[in-house]
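Think of it as A, B and C in the order they're written, each chain with its own count starting at 1.
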Amino acid sequence: MPRNMRVGIVLTGFVVAVALVAQFWTPYPPLAIDVIHRLAPPSAQHWLGTDNFGRDVASELMAGAATSLFVAVIAVVVGAGIGIPVGVTAAVGGGWIDTVLMRAADLTFAFPALLTAVMITALRGPGAVDSMLAIGIFNIPVFARLARGAVLSLLGRDFVLAARAVGAKWHTIAIRHLLPNAAPILLVQATIQFALAVLADAGLSYLGLGSQPPQPSWGRMLADSQSYIWSDPLLPVLPGIAIVIAVLGLNLLGDGLRDKLDPKLRRGR
Amino acid sequence: MTRFLLRRLLGLAVMLVAASLVVFVVMNVLPGDPALLMLGTGATKSTLAALRHQMGLDLPLWQQYLRWAGGLLEGNFGISYTYQTPVAGLILSRLWVTLPLAGMSILLSVGIAIPVGVIAATRQGKAADAALMGAAQLGVAVPNFWLGLLLILVFAVRLHWLPATGFPGWSHGILPGVAALLMPAVSLALPQAAILARVTRSAVIEAAGEDYVRTARAKGLAARAAIWGHALPNALIPVVTIMGFQFSYLLAGTVVIENVFTLPGMGRLLFQAIAGRDLITVQDIVVLLTGSVIVVNTLVDLTYAAIDPRISVGGGER
Amino acid sequence: MRATIPALAAPALAAFMLAAGLAPGAARAAAKDSISIGMTLEPPILDPTAGAAAAIGEVTYQNIFQGLTQIDAAGQVVPSLATSWTISKNGKTYTFNLVHGVVFSDGEPFDCTTVKFSLNRARAKDSINPQKALFAPITNVACPNAETAVVTLKQPTASFLFGMAMPAAVMVAPDSAANNKTDPVGTGPYKLGTWVKGDHITLVRNPKYSGKAPPIATATFRFIADPAAATAAMLAGNLDAFTLFPAPESVPQLRQDKKLDVVIGNTSGKIIISLNEAKKPFDNLLVRRAMAYAIDKQAYNQSVLNGYGTPIGSHDVPGDAGYVDLANTYPYNPAMAKKLLAEAGYPHGFSMTMLLPPPPYARRGGEVIAAMLGQVGIKVKLVDVEWAQWLSQAFTHKDYEATIIAHVEPRDLYQYANPEYYWNYHNKAYDALFARYQAATDPKQQLKLWGDLQRKLAKDEPNIFLCALPKIGVWNANLRGMWKNMLITVDIVGQMSWAK
């Protein structure tokens, strides 16, 4: 296994493990406010100190791992779940179907994500899914293009031609033959988009458009505490480091996967 | 090729109309009323009605759309609800900040990425390669606004080398302007450079394995000269492609970075105009941004087609 | 690789911590006759009679535009374009004696016709004045001569002179009024120099100003919304002053800088949890009182305002003439809150939704308020909203249960007597009390009734009163003429100067 991938697996595994543990145990309840002990430095009681509400930063970071991963999963699932069928349909359908779908994808890609985020935040009624949908929507054309390109390159291959010769239907071919063969490249892209989603969440949170309180999230912790950068620099630095670890891990994992799955690039390593 | 171009141009026009419709609908669906925002908590029914009439907000929606879209066709961007001045002037003055910022960050990112990528490629597998690529991996993972904050902390507050925030305007000379844009450009450029450096490295390594580079080396060209003179130019094609894709991310990135450094650029104008429900300004900017991204993507597609005739330019022939 | 990452990260981090931990060095040497002032929001336009944004007043009030009266640093009404005035016995006729020889910056003279024009324009049918209510009592404006203006009111209005000192009541000239939004023309010591939208506005001395030329020749207002960026700009010496500094958490750092003065005062902002009395269970006095007992105002103050606010118990702030300290009407007592909830028929609490507009007092405050209400069984769902959405959903359509908001308009107790207002507070006793206050002509009587109004609200707790919004002023230690407290948002450049 490439060294990149090992590091990636360790980092990603660590983040996932922390997120899972946080479901059952955190040193303190992550939302418990304790104003008397606010802004405490790291100590035996509070490993990483407390924030401006006296919440335990370590507990918040643990709970935030779960939120950030969940948010990124939604973004990727939305993007891939809509983008891949669109891309495959465009490639297989061809002609005007292809043109319309791909131009729509271009438009979605070009439409400012900021406005999409504002729109979803403003229209989201109580109980609906978070504004991470905005990032998911931004991901749709990424997956659509990739899936279309991958499928187009497969259409002339023997196994597809053979399946067509025996009279298989297009949707059968798409599910049985095209998707499994396009899966590696899509998987790699999913890992990369996953990492980008964690970053995008931080950016949107900075603008006040990220996940909603009181749900702990790294992006919001960073956004909420960035004005403490002068007085308590650890507060904005820690979620920043958490983001860097998660994104780094996911990127390394993606690289490793690419090296393993894409023989053409392996030569370069 | 001409037919292909015509089709793309027609597609572009259709998409711009679609974009204008989408943004118009979105802005009108969003809760909030620009007149109410002007009047605030002292608003009464009568003042609100008077102001809405003055702003033309009491017209039916389809008339508002036609008034705006028709104006755009004549090159009239309309009057900002918030600033009460022509939007064209607002956008133009903001472009004088955003375009230099984007330009500087692209230059910086290429200026860092290409040498780093090539050096890593020539030292493939050695310590320098590992160090540079490790740094690149780290660079990709750093949120750019966080980087911006750290830069302010070190170079403005601690060292007093550069102004912390704001933009003096080009009328005060080129140097103060560039100084004000330097840290924002670096914050935008470093993560982009990290991605580009990795692409450059793989592309150079791949190109170095090709026959003509090996031929060049066989003809006695030094390894370094072979890489810089032959492998790199050929590796530039994927690098340029990635840069095209980064354009859209760059535009999104300027919104955040312009907020961190409080630069009067397009991104912040869009951000404030959305919050202020300055409908006309938002609509104009979105059509412009969408249009420019679509144009860039079309150019990238055309480049593909020009480089590799195997790629079907029509997009869809099986 | 495994060794590379920490090796790269460690020095960067160390440099960062070092930089963060150390106080900044010398600020830029003070300029003799110019000043740069930071403010968080940019004024959309520069006509205070056409937009409500406080930023419009901050740039223009007493700098470009002047009113008949003005508010001074102590919050008192003092003469401005009216040098003196008399009020008739019945309290309905105000006779203003106007200054002589004043012209607008475009040369148009100021006299009674200007007063008549300005007041009639503000109360006209098609007026878009953001505080049109101020002009509602006026029935007539007469000009017996050029230097006297006689204003007749429907009924005695105790708040009239104060209202005429508001930014929305400044004097504008007939020829230039329509263009004031982008090209303001006033009687003040300054006029608009340049306006780089999104970045700064520069004011320069008005050569036509009739008074003595002010010491500061040019004033630049710079717009910095981000609290971290505002701190950076002050620490780096890029700004001379920030009158309403947005980052209370940075105050300890700023205080370490000997070049800076940090002065904590009061604004007229009242941070409250607005409750919609038209929705259950907020129509129930017991529930409202239970909520008040459940909230530790001092904890809110500490965690949201860094302790610089002042807990309040009614809709008024310390520093206002006639303020009564009622902050201890419902001392923090979760047990009492639970008891009252049980009495009201909610032994297990209830669920509610709270809208949070963008400022930290609401966004940050919402988290701590939700936690405290959660302690007594009230489950709070927090919903972040933009101002645009807040204004249309909560303020106009009254489609909300609760929201955290700072009401910054000074002396706005009249809104509790306004049946249209978004709180849906309808109380006959309060309305009658307010009518008595407005009708009172004796200042002592006015003051007493003003106190009674506050007590009545504290008793009724139509909203949960939290804290007075602090005014954190940060400026160069050599700068003179800055205000500690501020009832209206102003930066009066004419009073500022540099120490030798």
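The rule is short, and it goes like this: a contact is a pair of C-beta atoms (placed from the backbone, for glycine too) under 8 Å apart; a residue touches a chain by one contact, two chains touch by 3 or more.
It should be emphasised that the depicted structure is a prediction, and the values quoted were computed from it without experimental measurement.
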Give the chains in contact with both chain A and chain C, ordered by label. B
Which chain pair racks up the highest number of C-beta contacts? B-C
Counting in whole Å, what is the centre-to-centre distance of chain A and chain C, each centre being its mean C-alpha position? 42
Whole-Å distance, C-alpha centre of chain B to that of chain C, is 38
I'd like the Å distance between the centres of chain A and chain B, where a centre is the mean of that chain's Cα atoms. 21
Per-residue multi-chain contacts in chain A, two or more chains: 118, 122, 226, 229, 248
Per-residue multi-chain contacts in chain C, two or more chains: 1, 5, 16, 20, 226, 228, 235, 358, 386, 389
Could you say which residues in chain B touch two or more other chains, in rising order? 30-32, 137-138, 149, 153, 259-260
Of all residues in chain B, those that touch chain A in their complex: 11, 14-15, 18-19, 22-23, 26, 29-32, 137-138, 140-146, 149, 153, 201-202, 205-206, 209, 248, 251-253, 255-256, 259-260, 270-271, 274, 282, 285-286, 289-291, 293-294, 297, 312, 315-318
In the complex, the residues of chain B that touch chain C are 30-34, 36-44, 46-47, 50-51, 53-54, 82-85, 90, 93-94, 130-131, 133-135, 137-138, 149-150, 152-154, 156-158, 160, 163-167, 169, 259-265, 268-269, 272, 275-277
Mind listing the chain C positions that touch chain A in their complex? 1-2, 5, 13, 16-17, 20-21, 226-228, 231, 235, 247, 249-250, 252-253, 296, 299, 302-304, 353, 356, 358, 363-364, 366-368, 370-372, 381-386, 389
Within the complex, chain B is touched by chain A residues 90, 94-99, 102-103, 106-107, 109-115, 118-119, 122-123, 152, 155, 195, 199, 202-203, 206-207, 222, 226, 229, 236, 240, 243-245, 247-248, 251-252, 265, 267-268
State the interface residues of chain C toward chain B in the complex, per the touch definition above. 1, 4-5, 8-9, 12, 15-16, 19-20, 22, 24-26, 42, 44-45, 50-53, 125-133, 168, 181-182, 196-200, 222-226, 228-229, 232-233, 235-238, 358, 386-389, 391-393, 395-396, 407, 409, 420
